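Scrolling down, you'll hit the structures one after another.
In the two assemblies presented below, subunit A is common to both, partnered first by subunit B and then by subunit C.
Moving on to the complex of A and B:
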């Protein structure tokens, strides 16, 4: 069965859940958030992709755990070299980070950029287009950067040189990248015109179905519970 | 259906001279029209005018009118009717193919269901259904070209304009594209293709229009190519060019017994996402010119990058002038190697042309600015850049910028020159100017040259040996005659449908 949720509902639910995650302090609640995200990802069939996107953040969290357990000034009790207070603090921050990353990626993975562009376009029609152009422009800029780095290195530029050399190298690389971006923008303006973009795009209304409302209310409920726990129990 | 352009003139803002003067042309439905002209002849300007980009998107002064079936195009009728494939095929708007293609439909307010249906239909017609879910930046040059054309056609425009559509394509892909365009024209559309050479005109076009300095100097049936081509030497057909001159070096200076300039042993490099090169064994003797040819995505650029150390061999070895290229840092290796990349805009960053050239020499040699300036003077003079050396590089035309890039490469007098599609956007006159500058002894150097190109004429006229690279493997290596006249090899390397290759093979049989 294919479940079709509207982008707006997903976006609203994600925002509510994000606030809830920020308010959460209890460890078991954070575990609940993470398990919930994984469960939803599994149901949506994006579990593997989600793990892949999470991996770099896992490393950051591990690093945070290490640093806080070693040098956090609040460390009083020690297990071997590791301070437990810092470890607990880092665990909390780390899990919150993972929760936020999971929620945002869950949204991005289950929404095509086309739907996202359309949704942002509802806030303001041009905003959606700008967002879309930005998404397509990033990999192009990255490639351009790599190309120019290669070309200038082949011209003898050594950007592992001393500091002064590095600043000069920076100019030799950044100027062609900027010029190429301007050129690209010039042709993109032509393309926008040729493809009939007039800035008066008709925005598609989305009408929420039962499932959308269910998602919205359940995330509102979770947020209220999280806030209740935060202020009633701590 | 009839398109007519009446006494059209256009002048870019801030320019004294008009880019187009008094253009009159007519085209009827079902016609495949070639617009032939050299660099700076006004082809792109004319197409942009017809597409309605002037004067709103591209600023300037326009006069005259463009009519479709008697109605004025553009103006009050704001919605653009035409499909226009820009020369810059690598520019696109959205990350995914499907979004790119459906964007024009979204702008006209189609419902999502209808958009999906239409995109599916056109994808089936052009056989690109498997591309729809892909990301634009993962497409090959040929695939992206087709996507751009499909996007231009999605709203079923009566006119399709294409600006230098074959630049990125290998000869067989270009031939396939022309066949496709012919079927589109047969359905009653007007197709106008701007090109800078007569190569494909007589076999595919219905009519040709020759542009020079912004004026139409001839308009004739495509069959009259031979008669008209003498008017514009900058656009000569490869076959005509090959009759006039073949500019090889009289490189008698090759000292036998000298060690190879470049030598690869079982070179392998694989990308994680697929593709790459495998088991490459190549030798380049001093003073030799080697051309590397092969289809889009065969690994030509990957191979080139090994010679300058930008990629390190995963297996095997690359020896460049006695050094293991994988073990020497790129800037050190670069001191004796000059490499000319496809696009000069990827590297030019100084505010003056001479500074750009001097910077290059100074960086390579680590010498003083004064010394580099003195050493660069002969190069600047030899390449004819003396008059413009104080100008900003971006204020001169693209073909000059290619010359500037060449000057930066030649300034350090490298003993190995690597050229990646050196003449990609140059017309015949500029090409022969660039190549003769490269090969002439007047620069005081006689480097070994490796060049990558799709152009069989360039290979035939300027190289001593040709290496064919297909699917990352070295298919064959030999003299241009041996390779280009061999039907089996050229078919595998997707070269066989180029008119010049056909001509060579027919001549060989006769």
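Moving on to the complex of A and C:
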């Protein structure tokens, strides 16, 4: 069975769930969030991609555990070299970070960029134009940067050298790229003007179905449980 | 024409932010340099549109690749506001204004960025700053203070370089495109 959720409903549910994660303090609740995210990702078929997006943050969390257990100023009790207070602090922040990363990426991985542009354009037509132009401009400018880097290297720019040389190389590459992008903005503005763009567009309503409302209410329920737990039990 | 130029300069400035950060990564520089586009937009379009550029830059980048960078849009927005107001009151073509902008932002950006980084990442970035951060914490400085102090040197270099880069570019632009870059007398 294919389940189709609207972008607006997913976005609202994600915001509610993020607030709930921010209010969560107890460790077993954070484990619950992480398990829930993995379960939903498995059901949506994006489990592998989610893991791939999570890996850099696992590295940061491990580094955080190391630094805080070694030098956190609140450390009082030590096991060997590792302070237990800092370790607990880092575990808490690390679990929250993983929860936030999982939730946000779960929403983004199940939404195509086409749906995203449509949704942003529905919020405000100009925002949609800005997002669309950025998406179309990004590969062009990236190629431009690579070309400029190669051209300057052919002219004798050495960017494997010491720090000052690399900063000079940065300036030699970024200045032509910036000038070209300002020209590009100017030409695109003239084109938009000549075609009579005024920023007015027919706004399409998003009609939520039963499933959207179910998602919305279940995430609101989770948020209220999290807030209740935070203020009634701590 | 003014409105369409705003609409096309903002995405281009966002792309400059992204490409600048990417190039700094490709050249293995120890600084981010991902606010050049925000400064350009703030000088050409004014403080509030500059702030919008900074905010949207992080939000859109977050929607595409890394959602955790969205809260740092606040820092980027403040960069836009500061540079925009400086350009509005002093112009952005002399040698003093970029220095002012760099010094103000080297303090202001970590003041806003460090609490976000501490809340989300425990102050750890996964880069060379972490050694400095651990050293400050080892001196019993407190988490926020060490996260703030560890970010100042890199930010100073980053913001000064970006501001002077934008100053030299704005000088060479034709007068009709300079926006707030020249002081109206």
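Heads up, the rule we're going with is that the second predicted complex is superposed on the first by the 194 of 234 C-alpha atoms of A that agree within 3 Å, B and C clash if a C-alpha of one lies under 4 Å from a C-alpha of the other, contacts with A are read in each partner's own complex, and residues count from 1 in each chain.
The working rule: contacts are C-beta pairs under 8 Å (C-beta built on N, C-alpha and C of every residue); 3 or more make two chains touch, one makes a residue touch a chain.
Being a predicted model, the structure only gives us computed values, none of them experimental.
Look at A:23: by the touch rule set out above, it reaches neither subunit B nor subunit C. Of the two partner chains, both subunit B and subunit C are touched by A:179.
Of the two partner chains, neither subunit B nor subunit C is touched by A:11. Of the two partner chains placed by the overlay, only subunit C lies in contact with A:67; subunit B stays clear of it. Counting the residues of subunit A that each partner touches, subunit B and subunit C differ, and the larger count belongs to C. In the superposition on chain A, A:94 makes contact with subunit C only, not with subunit B. Touch criterion met: A:189 reaches subunit B and subunit C at once. In the superposition on chain A, A:82 makes contact with neither subunit B nor subunit C.
Contacts of A:197 after superposition: both subunit B and subunit C are touched. 113, 133, 144, 171, 175, 179, 184, 188-190, 192-193, 197 are the residues of subunit A that lie in the contact sets of both subunit B and subunit C, per the superposition on chain A.
Those residues of subunit A whose C-beta lies close enough to touch subunit C in the complex are 56-57, 59-60, 63-64, 67-68, 70-73, 89-90, 93-94, 97, 100-101, 104-105, 108, 113, 116, 126-127, 129-131, 133-134, 137-138, 141-142, 144-145, 149, 159, 163, 166-167, 169-171, 173-175, 177-179, 181-182, 184-186, 188-190, 192-193, 197, 199. Listing the residues of subunit A that touch subunit B in their complex gives 112-114, 117, 132-133, 135-136, 139-140, 143-144, 147-148, 150-158, 171-172, 175-176, 179-180, 183-184, 187-198, 201-202, 204.
Note for the complex: subunit B touches subunit A at residues 48, 51-53, 56-58, 78-80, 82-84, 86, 88, 91-96, 98-99, 102-104, 106-109, 112, 135-137, 151-152, 155, 305, 308, 310, 329-331, 334-335, 337, 339, 341, 345-349, 359-360, 363-364, 394, 408, 412.
Against subunit A, in their complex, subunit C makes its touches with residues 1, 3-5, 7-12, 14-16, 18-20, 22-24, 26-30, 33, 36, 40, 56, 60, 62-64, 67-68, 119-122, 124-126, 130, 133-134, 137-138, 140-143, 161, 165, 168-169, 173, 177.
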